[in-house]
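Each of the next two complexes has chain A plus one other chain: chain B in the first, chain C in the second.
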Partner chain A sequence: TSVIDHFNYDKSDDGKHTLIIAKGITNNEAILTKNVIEGPPVLFRGIAHKIGTVPLLTKILWAGETAYSYETKADQQVDQEPLVVGSKVMLVSALQARKNARVTFVGSIELFSDRFFDSPIQRTNSAESFTKSGNEDFAKDLTKWTFQEKGVLKVTSRNHHKENETEELEVYRIKDNIVYTIEISEYVNDHWQAFNGTDVQFEAIMLDPYIRKTLTPLPISPEQQARKYKAHIQLPDVYGVFTFKVNYKRSGYSYIEDSSVVAIRPFRHNEYPRYISAAYPYYTGAASMIVGFLLFSVIWFFNKENSKRAKKKMS
Partner chain B sequence: MSDKVSSAIQRLWTSYSKNTPQSLQLIDAYLVFILFSGVFQFVHCVLVGTFPYNAFLAGFISTVGSFVLAANLRIQTNPDNAAEFKSISPERAFADFVFCSIVLHFFVVNFIG
Partner chain C sequence: KFTSWRAFLLALLTLALVQAEGFVLSDVKIAVTTSESVRKLYESIPYPSSFDKPIQLTSGDDFKMIFVVTDKQTQKGVQPHQAFLTLTSEENGNQIPIIVRVRENGKAKVELDMKSAPNELLSSPGNHSLDLIIGAFSHNDPLKYHVGTLEVDVPIQSSGPSPVVYGPKPEIHHIFRPDEKLPPIWLSYSFMAIILIPWLFLIGAWAYIGVNVSLLANAPESALMSLIFLGTLLGIEILFYNYWTHLNIFQTLTWLAGLSIVAFITGQKALSGVQKWRSMGLR
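== the complex of A and B ==
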């Protein structure tokens, strides 16, 4: 079988309408650069595949609405249901496994051939034409991504400490204010440089996440190799063993899962508030009792009648 | 009806101020002060809830205990009761009152938290 498209084939096709101009291209800039996404289309001659709904998959190149996958025979009569039809016809797709292993499925060897690299594109029955196909730049970006030269992230360091301190503790207290920082760098053009993501999140998890906060990227100077992300967090009111985790999974970028385990302890006996605001009436009541008792006993003691009685007894 | 009640109260008040010795009136004033303090604390607890329960108990028992001790002092130093309390002189009664009050306030301050 091959991918056949009677409306999107190039002029230099051999009559079977299998040399097609791929219509759908991903806009994920971690995999392909902007020039490739917006540049000339890609020529393709080969077989189709279809992908499922696993979130580890990314579709990269797919055919137009008028494509289908079928045997190329002399009479070309389609009397059975094709495997895949329309924009579900996948031409190039990729899988990034949980440990960041990358696999790319390309249905055509000729996509990488010199002939396709240099061929101009002229769509039959249409004014659409380009002097050079986008195959060469597409193949460059695709192979870069697959062989872990593009869209690769790593965590260079991670740190957490209480506000106004620098020591990284293993035990924090409930409702402590801490500062969490993590540094992430990206491999671009054969060197590590600062990563530009804006949606890195921090989670504090004890079976369920109690806190989830987006880290703010700090500005960096151009020669720095990693971008620092920082957040100010107040630890939850629950004590236990927590995991501080940055779980960054984005399509096209390698997956980052950085965790550190930390214990959160309850208040010590002398860390509770000393006076409870709801109890002030009782404090003042008891104090007034003491003051009243002292006043009363002083007045009683120096009362005229009592001292008269005492004087009488003494005499 | 109401002026009968008011005239009865009037007569009660004049009889009280004429016939009770000054020391007993002093104790009565002290008892009224303790009563107000205790009522205030109890009403506060009813409105706001019993959250620092130990604080409420300490404050309330401080008033109740002081009231009881002052009432005892009044009974024992009342000249009309002198026949029943031959062995307890008013000075002894006052000394008992002072000692017990000190112990009471010590426990109250310890329990109030």
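== the complex of A and C ==
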């Protein structure tokens, strides 16, 4: 079977309408650079495949609505349901497994051929034409991504500590204010440089996430190799063993799962509020007793009874 | 001369016709029958314009369409390689193809029975664009004909868990338990006042019986010991206040040990002084 598209084939097709001009291209800039996405289209001659909905899969190149996958015998009709029809016809797609292994499925060997690299494009029944196909740049970007030279991230360091301190503790207290920082760098053009993502999120999880916060990227100087992301977080008032996790999974980039386990303890007996408004009467009672006792002692020492009254008492 | 010119033109035209051109549809008719075999709709669509009213389909309906495909030049029926009737959902762009089998004379009949429709269609209610795509290897001008709009009226099903997509998740802000609610502050203040009321009685009663500190004012010499003793008592009370605010039991007991020795010694001397005053008749 081949991918057939009677509406989108190049002029130099051999009559089977299989040398098609791919219509759909991903706009994921982790896999393809902007030049390739917006540049001349890609020529393809080969077989189709279809992909499911697993988020590990990314579609990179797909056909138009009028394409389908079938045998190319001329005097026959399509009478069985083709494997895939329309924009579901995938020409190039990629899988990044959970440990960041990358596999790219390309249904055409000729896509990588010198002939296709140098071929101009002229769509039949259309004025659309390009002097050179986008195959060469597309192949460069695709192979870079597949061989882990593009869109690769790593965590260079991670730190958490209480506000105004520097020590990374293993036990925090409920309602503590902490500062969490993580540094992520990206491999671009054969060297590590600071990553530019803006949606890295921090999670505090104990079976379910209690807190999820987007970290703010800090500005960096050009020679720094990793970008620091920081967040100020108030720990929840639930105690237990928590995991501080940065789980960054985006299509096209390698997956980052950085976690550190931390215990959160409840208040100690002397960390509760010290003076309670409901206890004011008791405070005044005790103070009143003390003052009364001291006053009475002074009076007892230095009191001189009125002589009239004393005489009265004695008589 | 004229005939050879015509012959030459004819030859040119035949050369140009190596690749056949396009398709023409004719006799396009649609019909919708309900599940009780009541014919709801029967229309003939004037190709190349589309059917302007939306075609309504509910569950149990049966949609049928017939047409004839002919070659534009030869006007003979053809069997194109690709003859698909596609339903494209206007909401989510989902495309559902239906394969049309075209007979040798170009006549074709296609049926969409909602009773046995694909699940994709049954779970996407709303408007669908109905298009007929005709293509073949031998023709270089394929046909995409917009037949009309299908209004699919099926109950909205909760289509199960939606597929996971990697992306930022919604932020979770922990809601802290509100502080313990205490009784209102005016209640505390009023009880404070109630506790302080006995002082009025005490001061009143003392004033009535004529309490004074005259012996201090007249200052016999041994008043000094009494004063020191009273100062020690004051010190012990201040120690207790500090214990209440910031000291711990060990520091308190340390201070208390020292202060109580001083209190004991000065207390004895003070009391012997008071005894002396008594014997002197001052008390």
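Here is the rule we use: the second predicted complex is superposed on the first by the 276 of 315 C-alpha atoms of A that agree within 3 Å, B and C clash if a C-alpha of one lies under 4 Å from a C-alpha of the other, contacts with A are read in each partner's own complex, and residues count from 1 in each chain.
By our rule, contacts are C-beta pairs under 8 Å (C-beta built on N, C-alpha and C of every residue); 3 or more make two chains touch, one makes a residue touch a chain.
The structure presented is a predicted model; accordingly, all values stated were derived computationally and were not measured.
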item: Partner chain in contact with A:Val85 - chain B first, chain C second, else both or neither; value: second
item: First (chain B), second (chain C), both or neither touched by A:Glu65; value: second
item: Partner chain(s) touched by A:Asn35 [first = chain B, second = chain C, both, neither]; value: neither
item: A:Ser288 touches, of chain B and chain C: first, second, both or neither?; value: both
item: Larger contact residue set on chain A - chain B or chain C; value: C
item: Which of chain B and chain C A:Asn196 touches, first, second, both or neither; value: neither
item: Partner chain in contact with A:Thr216 - chain B first, chain C second, else both or neither; value: neither
item: Chain B versus chain C as contact partner of A:Asp237, first or second or both or neither; value: second
item: Residues on chain A lying within both footprints (that of chain B and that of chain C); value: 276, 278-279, 281, 285, 288, 290, 292-293, 297, 299, 301, 303-306, 309
item: Chain C partner contacts - residues on chain A that touch it in the complex; value: 4, 6-7, 15-17, 53-55, 65-66, 68, 70, 72, 74, 76-82, 85-88, 124-125, 175, 199, 201, 209-214, 234, 236-237, 249-251, 276-281, 284-285, 288, 290, 292-294, 297-299, 301-306, 309
item: Contact set on chain C toward chain A in their complex; value: 79-84, 86, 88, 93, 95, 97, 99, 101-102, 133, 135-142, 144, 163-174, 176-177, 182-183, 185, 188-189, 191-192, 194-196, 199, 202, 206, 209-217, 223, 226, 230, 233-234, 237, 240, 270, 274, 282-283
item: Complex contacts: residues of chain B adjacent to chain A; value: 21-23, 26-27, 30, 33-34, 37-38, 40-41, 44, 48-49, 51-52, 55-56, 58-60, 62-63, 66, 70, 90-91, 94, 97-98, 101, 105, 108-109, 112-113
item: Residues of chain A that touch chain B when the two form their complex; value: 276, 278-279, 281-283, 285-286, 288-290, 292-293, 296-297, 299-301, 303-306, 309-310
